[in-house]
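Can you keep this structure in mind? I'll have questions shortly.
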Amino acid sequence: MILRIHMRGKPVASEVDLRDLARLTAGFSGADLENLMNEAAIFAARRGRGEVKSVDFQDAFDRIVMGPERKSKVLSEEDKELTAYHEAGHAVVSFLLPNTDPVQKVTIIPRGRAGGYVMSLPTDRMAMTQDQFEDQIAMAFGGRASESVFFGRVTTGAAADLQQATKIARAMVMQYGMSRELSLRTFGDQESSIFLGRDMGYGRDYSEDAATSIDEEVSEILDRNYRRAKELVEENRDKLVELAETLMEVETLDRSEFEELMNREQPQTPEMEEAVETAASD
Amino acid sequence: MILRIHMRGKPVASEVDLRDLARLTAGFSGADLENLMNEAAIFAARRGRGEVKSVDFQDAFDRIVMGPERKSKVLSEEDKELTAYHEAGHAVVSFLLPNTDPVQKVTIIPRGRAGGYVMSLPTDRMAMTQDQFEDQIAMAFGGRASESVFFGRVTTGAAADLQQATKIARAMVMQYGMSRELSLRTFGDQESSIFLGRDMGYGRDYSEDAATSIDEEVSEILDRNYRRAKELVEENRDKLVELAETLMEVETLDRSEFEELMNREQPQTPEMEEAVETAASD
Amino acid sequence: MILRIHMRGKPVASEVDLRDLARLTAGFSGADLENLMNEAAIFAARRGRGEVKSVDFQDAFDRIVMGPERKSKVLSEEDKELTAYHEAGHAVVSFLLPNTDPVQKVTIIPRGRAGGYVMSLPTDRMAMTQDQFEDQIAMAFGGRASESVFFGRVTTGAAADLQQATKIARAMVMQYGMSRELSLRTFGDQESSIFLGRDMGYGRDYSEDAATSIDEEVSEILDRNYRRAKELVEENRDKLVELAETLMEVETLDRSEFEELMNREQPQTPEMEEAVETAASD
Amino acid sequence: MILRIHMRGKPVASEVDLRDLARLTAGFSGADLENLMNEAAIFAARRGRGEVKSVDFQDAFDRIVMGPERKSKVLSEEDKELTAYHEAGHAVVSFLLPNTDPVQKVTIIPRGRAGGYVMSLPTDRMAMTQDQFEDQIAMAFGGRASESVFFGRVTTGAAADLQQATKIARAMVMQYGMSRELSLRTFGDQESSIFLGRDMGYGRDYSEDAATSIDEEVSEILDRNYRRAKELVEENRDKLVELAETLMEVETLDRSEFEELMNREQPQTPEMEEAVETAASD
Amino acid sequence: MILRIHMRGKPVASEVDLRDLARLTAGFSGADLENLMNEAAIFAARRGRGEVKSVDFQDAFDRIVMGPERKSKVLSEEDKELTAYHEAGHAVVSFLLPNTDPVQKVTIIPRGRAGGYVMSLPTDRMAMTQDQFEDQIAMAFGGRASESVFFGRVTTGAAADLQQATKIARAMVMQYGMSRELSLRTFGDQESSIFLGRDMGYGRDYSEDAATSIDEEVSEILDRNYRRAKELVEENRDKLVELAETLMEVETLDRSEFEELMNREQPQTPEMEEAVETAASD
Amino acid sequence: MILRIHMRGKPVASEVDLRDLARLTAGFSGADLENLMNEAAIFAARRGRGEVKSVDFQDAFDRIVMGPERKSKVLSEEDKELTAYHEAGHAVVSFLLPNTDPVQKVTIIPRGRAGGYVMSLPTDRMAMTQDQFEDQIAMAFGGRASESVFFGRVTTGAAADLQQATKIARAMVMQYGMSRELSLRTFGDQESSIFLGRDMGYGRDYSEDAATSIDEEVSEILDRNYRRAKELVEENRDKLVELAETLMEVETLDRSEFEELMNREQPQTPEMEEAVETAASD
């Protein structure tokens, strides 16, 4: 394993799970791993430790992939609440769906361009199933669904989620034959795509009628999964409120904290009911 | 805050609200801020002051963003009136809508390419809601609505407003999923757009049927908000006349002057009635 | 005024109206103005005058903008007549319409590519109204309408007029929201146009349905204004014949000569009636 | 006249009509004229003359414009007959139509790519009328119509004529507003055409519906004029046969020989009737 | 004749028909002819002759145009049979059609990319008629028709024939006005084709409706001639079997051998009947 | 045979079938063959042999064509099972179809990008028949059909198969005239394809209607053959389970092992029935 090479002679704590780290850094180049090692060592040093721990690797990973934390950015209470409910939406939907990767972290601390984010740990798998794609789409819609259920309005915050969901749905229909109506074929010329950029009009090797059918299938997939996301949000309002309110307090939950919260018995405190009360439906 | 760095050692008056200035200059580079500081100091010096005040920053900002004032350009009385009613239309509609940024300045002094302009102070927010977009569109249509109501005719002066409104409406439908009929997806390939320019035909990843639906949704959004703008103009004819006539006299109103005028009781002087009388409806 | 700078130390006659000259040369660069001054001085010198007069500036302007006179080109009597009626059509329609600029000169002396031309003095205005655009289109159709009424046939001489009229009508519909049926939006991506040339197919940001509607609106505007031009020509046959016959004799009329002719009582001589008689209708 | 400059000091015969020569060489550059003068002098020298005559200029012109004669190419009797009837078709239709230029020469001697050709002397005119365009189209169809009437079959020999006729018809509809159904406008963006070549798909500034209408109008114009050409050929079979048979004998007729033949009383010899008899109709 | 120049001083046998050679090498450059002369001399030398004969020119020609023989390639008996019936199909259909060039050679020896081929000697003609084009298409379909009749299946061996037939049919409809329904015009901009490659979508100067009509006409022409080819094959089964079986034995037939076989009385041997028996129909 | 040249002086075992090797390496360049020889020698050396055997050539071939084995990649039991049933699907369908090449190897050892693969030995043939293409498509669908029958779900693992099947079906319809409804022609301009990449929109030389028909034919071919593949999988469940389970144990089967397994009497052990039991149907 290439990771071990970069760790050679570095004081890595025994509690660091190399297997998890390998999965997280799948696709990293040697230079990326070198960079990760160095950043993690800096975090450890700042924390007054000679040994690099899991938390240092995690922070180094976040910094490299998502950009530096933007602590200076003081969010308004309103934006903080919006972010908390948005990220809680992703996390709750992901938790409840059977074919998603486990949530590694939920945070509302802005980083790079993102206002907050849910980090998942990808399972090492060879192929994706249709069910996994559909759950990914539903999870991408979780934030928007939560905004819609709790604030009764829609913001630009979900734009990247929308783009991601559309991209998956189009790949399902056009590359993987995972649609109900269209025959089992691929659409679009992959070779020309490499040269000219993805999905450009003149790379079309299908008719306008097929383009219409593709759009209909894509819509069908997206609509179906938005409904699933919204139903999960509505059926788990209490839990989602609990998570969002917790996020507003502590800002970040790691995997064990998140799972503990999701699995514990709902206490139903009066404050919580009130929070649900004030949330609008759309 | 980066602004403070550029102010270090500069005689900035204590009445300057750094927070407002920061919001106004969001997106400015270090060089832009340096430039702003210098221009403001020049304005202060011209005014015989050693201390740089808010007004100096405001004028420096206008000069940098909109270009130099074109005082030499002596507008005809007709053009002056047209500009006054056009800008008053933007300002009144903006003032009356719930989701717009506060008007910072209204002016009919030409600057750069603009015949006049309404400057808004953007609120520091993380995401835009559909309501905010719709109010932005209605505000963009305010000038045209006012021309139509008071002069019964339509000019090229509203071309940039039209373009702006169309751009927002298209983004709502194509990037943010804020349409009524279309399913929750994005349209158009953002990646190829970067390379080839926005919205070019061959970046299309959707069918002609979808293009038709997009056009219908865009039209629906634009028509709805033009109607809103026009109703606001018609229902607030007296106030709009008062603002336009004031602008023809004093040429520029700052935020407090504008808000004072908007909030004061309508006096209903005979001259004003007459002005309303002579205005044509379309 | 920049014009004064270029005139410094030049013997310009006091009768020269600097304001008119400024309007005529709107958009001229410093080098253009320098050139104009020199050419005007040459014309004055040829005419044995030390002082540069209005007529010298006018001739210098024509030479710079339209190219040198082509006196060597001896027109056939038939071509001369066709040109005279064509230009008279433009001039008469322009004179009779309420929203056009005053005619500065009418001539049938070929210059550059043009067989003859009508020069208008643009009024200094900030914005164009729909009425002004429509009158510009009708004026552009004046030449063709006159050919059709008096010769009962259609020539390629009107091609540039047709192109100009189409360009204005398309801008009205696509950029200025001046159509009856289409909603208030812009069509076509201006940004990409800069790079790739105007109106190219792949700059389309609208559907084929919209393209059809645009064509219908453009046709509607053009047809409406051709009818207006033709009605004006038919209702003012006598005056148009008088102007055309005068042009065939004197070749060029300046503004005062043209307006004097247009405003004087129609004498109704027998020769003129005859000319009208022989003219075919289409 | 620029032609005189190139003739200075050259021994040009007094019978040469400079005016005709000027019309023939309209659009020639100085270098072209220099070339023409030299080639004509060579022809004169070959003919043992010191003086350059009309016939020398004509041959020099043909050589420059159409390429060298291909005498070496011995045509089969069948090809010779086909060429003779094809060119006779052009010439007869041109002679009979009111708005065509006079035929200067008819020949079946191959030159460059052409199997034979009819040379017309363009009249010096400023603008083209719709009637002139339609007669040009009908004349272009004359060769094909003759092939069809006399041989009852169609060959590739008319391909260039077809292309020429289509080009004229499209210009009538798209640039000159000479169609019956379409409104008075231009189609296609001329500016982008300069850069990207004429009539390319992405230079389209009109809808698919308009493209269909353009095609219909173009077809209508072409069909109408093919019918005219064919009727003229059918009504003047005897004269056409006379011309074709003469061409097969003498190969080339100049203007006066051609006009003499066209204007003389038809003798109706038995041989000629026979020729008509054997010709098939389509 | 340029051929003679290249033969100067070469020992060419008197039996060589220069006229035939000239027709065969129409379009050859001087260098091509030089090459042909040299290759022919090499073939003669290999055959132990000092004099270059027709057969040497023929082999040299084949080598230059089709590539070297691929003797090493040992065809399976099945492939050999397929090739024999395919080439026999071309040859028989060509022989029976009235407007084709005479068959110069039929061979099943692979050469370059071709598995076998029929070489025709183009007649020296100036123009192609519609009948000649249609017979060329039918001949191109001869191979496929034979495969279908005798083996009841279809292979990729006919791909180049299909492409050739489509190219001719499209040229008939788009360039030569040889269609039944479309009006007499050309389709597609030849000028832009030179620059951008033939038949590319953006060189379209016609509507989608016209494109559909072109496709229908092209299909009509192709279907009609495939039927003709198949009928000829079916009606001449015995002769075709005789030719194919002969080819499998002797591999190559020259013009006289081929014509002798085609013209001789059919012997109807029992073996031949058997061969016909085993051939499937589709 | 070029292969012999590269083997000269190399210690190749007499059991190596040069003919098989030649077919396997059809299309290899001299450098490729050189490379193959060297790699095979390395494999032999590793195995402690001085003589290069068939197995060494096979492994060298796999390494060059598919990339190095990825032994380090430890597949999950689930992925291993999925791969085994996927590859067994290809192999069983290929074995049962009449027009496919014999299976040379089946393996679930990942290599390069592939999770596993079935290697076929192409028969030396000149042309492909429609039946061969259809069987190739059905074989390509074998993996997906097996996933669907045994796991009741669909994964991205079949994406390359889908692309391959679509490519064949499109070539059948567009280049080889192997469709039922479309007339016998080619679609798409091959010449422009060379320059601009395959199947790009602007290389279209056919109408949108034709594009729709092409899509329908392609779908028809694909659907038909997916059904065939699925029926074969369903009808041979026991055999496929036996092969897949064997693959999970031994990872790789060569041609003789595979054929022995396919041809032997099905033993019907209880374990196997159980395996079938647990497999879901879709």
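For clarity, chains are labelled A, B, C, D, E and F in written order, and residue numbers in each chain start from 1.
Following the convention adopted for this analysis, contacts are C-beta pairs under 8 Å (C-beta built on N, C-alpha and C of every residue); 3 or more make two chains touch, one makes a residue touch a chain.
Fair warning: this is a prediction, and the values are worked out from it, not measured in the lab.
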Touching both chain A and chain E, which chains are there? F
Co-neighbours of chain E and chain D - touch as defined: none
Superposing rotation of chain B relative to chain F, computed on C-alpha atoms, to nearest 5°: 120
Between chain A and chain C, what is the gap in Å from one C-alpha centre to the other? 63
At what distance in angstrom does the C-alpha mean of chain C lie from that of chain B? 36
Per the C-alpha means, the centres of chain B and chain E lie apart by a whole-Å value of 73
Multi-chain contact sites of chain A, meaning residues that touch two or more partners: 201-202, 208
Quick check of your reading of the touch definition: is the inter-chain graph here a line, ring, star, complete or other? ring
Let me make sure I follow the ring: beginning at chain A and going to chain B first, which chains come in turn? A, B, C, D, E, F
So in the complex, which bits of chain A are touching chain B? 72, 75-76, 79, 82-83, 115, 141, 144, 153-159, 162-163, 165-166, 169-170, 197-202, 208, 211-212, 214-215, 218-219, 222-223, 226
Which part of chain A faces chain F closely enough to touch in the complex? 1, 124-131, 175-178, 182-186, 189-192, 195-196, 201-210
